[in-house]
């Protein structure tokens, strides 16, 4: 295919990605080395605010930005090198904690706590999602034709449901004296507060993510199972392979590309875990990397957004995901080199 | 009952094409409003919409959107709904206009109490006050012979008695959800212990005796609370009250009316309000005063601004207050305080009076820093001093980025 | 299954175990959704009651005079069962028969919509009227046993005008699916047929783009969109639009964010269409574009439908982008629901939010019911080989 034809085909797609993904990304990259701040002045200001019957007036020294003749805030932008990265990573404190083998102190630094949870979340859910997806696919493949349709339908529900709604529905089952908490309390005969400590919240988040994503793995694997070569299976039986051997040596290798595909998608999605933090309002106990970026970007009551630190944390997040993806990318590269065209 | 079906999903536009007789004039120019989403704003924007050509946006994201929407030229909205917490960025960026001329021409009926003056200039018109104050189950306190507590020590003593009597699941409730809420609870207590958040040179000043005492007092409160307090926001505490699961809480005045909604409350008529307890004997109530009101954008033409102000005045008239009397502690003439408003009024008129929540950049940064760092103390990971030191460090980083500190 | 060789038949223990596991999974998969559906029909006191029986039976709701009799329940279940059955058995055949050749997807859209409307009319329109007449006649069978009220749905859809959000969702979702597929099929085809390193690196970059946290990108859009009238003025003159709040702008953003996934999926599909097909066409004198139009397009529909479903889910379920970039008049359903929770709420609001949440799930139900086979067969056809 000529380059011009190729460009004609991929042009619109590449244009959109450049405009809406690459351009902001370059901005974020540059922004992580800069700090833009308003030029401020201190002035004495008298503020009168209402009480119930009469006003109270206070005079205080207030810092406020200087406005230029167009009414815009005067700002200065400086290149600050790695300052923002240092503010996010806090290497000094982190190193002290590592040297003293003080895990708790390390977890007091937001970035490292977020990294710990994000990695744990990604690596724990990955095998669970693949395992459950495969188990459901095998089980569904096993049931009678007549109920296959409804079973597939029900199995897909957690995946198609809007994530915000899904997370809330799980939350309602557990929060306060939600019915599942009550049920657990009856069963264990003790008072439970599932939202009161980190590990129970983490368990619920893991449960939610596996619940939400396993159907995706299921439907992909199920599709793959439909194309397993009958002849290979039958010759395996003739060779006396047990059920387990067939699964291990025929079915799994056949599904391997799909397992890689699901793993790839799941790694990327769970590494940017975010809805769970919001949905379970867990920020007091656990935070994730994307939530950290989001939190930097939320304007505080003074209207400031920590753009520089948000950019730095976003770049760090990106470096992390690229490192996680490298093994899978190498596989793709080998496939690409080996693929016939 | 006083509950009206909320007519708005998170945000909703009321494009009233027809002006009704309730409005003094027929509005010809479009007026767009962006405000927070709660019952009082609902009432006010509906009253404004009677003039026609009004589109109101009641949005939970307004805090994020308002500064940039008002900074656009022309501004995306004409009228903004703000509180003393959220007016700061608009004031700093100069995107709202002084209202002295407009008040002189169209706002003679406003009481001087409603006019928010900054250096003598009117920048906003307040419509209501809000504050966190003590709400308690009058029946329980009476049964157990407990007088209404006026200090936090008394609250804790009362909580002990209630716990021993075992009449509710948890004696206390508090809005201590990690983030904005827990920081606000700390602010209340910190001010109650006589603390000041920042020094004159913008350096932080919370890692002090007052800070530690405030945190320790809050920690003692948590013994009497639902252990899930780090996820409990105002709605959660309100529901705990409604379901009869708690007996006392320092809760927003704007939540009081919900206690008497028959469809959802099991404690109708049993909840009473009192002034926020003091942290120290003889101190001011450990709380802050808030106001909500309207501002007019700077980046619009004078004619549009004039028109928008007239429409806003229609929304803040006596008629609106009479129709929605219990939705807020209104500052608008015509308001008849209900029994549930007693606590808020007692708080606001206490001697010495609690401070208004300060509308400064430093406070905004400090509030965010506290909200992020204090939960670690309550999960037991760090000491009070360490949590406050971490909050100060976070504040310093943010203040350096905002150019407030070198 | 009787054609299975003897050795492939499974021992009873395995079959039982597998069936038990599946039953357990189905319970877990459907329970949370079932539960919010139950909550949405109850008075607030019942919906948040601690005792699960109270939530299901709804004593307070029944006390308020709203409930279902045994007859109501039986009739309702019958209609639901028939709906599902017809959707799976009868509808696919009808659609295939009635739609013009090659335009099956259009037939599905129209058929699905018509079917949905018919269901709503029968279930919410005809059924209550008929049962309302029957119930008083039947004595004990007609007495309410199950508390149930539709008042929350009424306030959501009628008083809160949730249908506006629904229409906005429809607009955004349709836009995203159409643009995404148009742009994506072209790119997917180009990438599948080009073995160049450039194509490979494009795919890798797209993969990295897909991994990016969205909050980073979205926060970058907000100031640009809000001020677009200002910076577009030199180019477009005084009619420069404010992009903030425009559904079109949101469609462009969602399409771009979803582009990496779309082109990867579609590339895999096209790789499974033998290259000989279009090469033969090109030998006959077609250009690449003509070969694509006349040879590939007729056979690519299974893949496009599957990919389209994923695009649909993304656009329909998106919260981050739509909540930040759309204003009230153009807001879609998901941010509208989140809005119920984030403002100062009463318990009634929360139950209304639950009702709204269930409402937005209903179209998804219908969609999956109808397209279920297409998803599986589409994936089997090869979307997932790469």
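A, B and C label the chains in the order they appear, each numbered from 1.
Note that in this section a contact is a pair of C-beta atoms (placed from the backbone, for glycine too) under 8 Å apart; a residue touches a chain by one contact, two chains touch by 3 or more.
The chain lineup, named per UniProt: A = Sugar ABC transporter permease; B = Extracellular solute-binding protein; C = Carbohydrate ABC transporter permease.
All of these numbers come straight from a predicted model, not from anything done at the bench.
> Could you tell me which chain's Cα centre is nearest to the average position of every protein Cα atom shown?
Located nearest the centre of all protein C-alpha atoms is chain A.
> Would you kindly say which chain has the C-alpha centre located farthest from the C-alpha centre of chain C?
So the chain farthest away from chain C turns out to be B.
> When the centre of a chain is set as the mean of its C-alpha atoms, what distance in Å lies between chain B and chain C?
Whole-Å distance between the two chain centres: 38.
> What whole-number Å value describes the gap between the mean CA coordinates of chain A and chain B?
33
> Using mean CA coordinates as chain centres, what's the gap between chain A and chain C in Å?
From the centre of chain A to the centre of chain C is 21 Å.
> Where in chain C do residues touch two or more other chains at once?
Correct list: 337-338.
> Hunt down the residues of chain B that sit against at least two other chains at once, touch-wise.
64, 71
> Can you tell me which residues of chain A touch two or more of the remaining chains?
none
> With touch defined as at the start, can you tell me which chain C residues reach chain A in the complex?
Checking each residue of chain C against chain A gives 1, 5, 7-8, 10, 14-15, 18-19, 21-22, 25-26, 28-30, 32-33, 35-36, 39, 50-52, 55, 84, 88, 182-184, 186-187, 189-191, 193-196, 198-200, 202-204, 206-217, 219-221, 252-253, 255-257, 259-261, 263, 275, 287-289, 292, 313, 316-317, 319, 334, 337-338, 341, 357, 360-361, 364-365, 367-369, 372-373, 375-377, 379-380, 384-386.
> So in the complex, the part of chain B that touches chain C is made up of which residues?
Answer in residue numbers: 3, 5-13, 36-39, 55-61, 64-65, 68-69, 71-74, 76, 234-235, 238-239, 242-243, 252, 254-255, 258, 261, 263-264, 266.
> Considering the complex alone, what residue numbers of chain A touch chain C?
Touch list, chain A to chain C: 1, 3, 5-6, 8-10, 12-14, 16-17, 19-22, 24-25, 27-28, 132, 135-136, 138-140, 142-145, 149-158, 160-166, 168-170, 172-173, 177, 179, 182-183, 211, 215, 219-220, 222-224, 226-227, 233-234, 237, 243, 257-258, 261, 264-265, 268, 271-272, 274-275, 289-290, 293-294, 297, 305, 310-311, 314, 317-318, 321-322, 325, 329, 332-333, 335-336, 339, 341.
> Okay, in this complex, where on chain C does chain B touch?
43-45, 48, 155-156, 159-162, 165, 222-223, 226-227, 229-230, 242, 244-245, 323-324, 327-329, 331, 335-340, 342-350, 352, 356
> What residues on chain A touch chain B, complex-wise?
The contact residues of chain A facing chain B are 35, 37-40, 45-58, 60-65, 67, 71-73, 76, 87, 104, 107-108, 110, 175-176, 193-198, 280-285, 295, 298-304, 306, 308-309.
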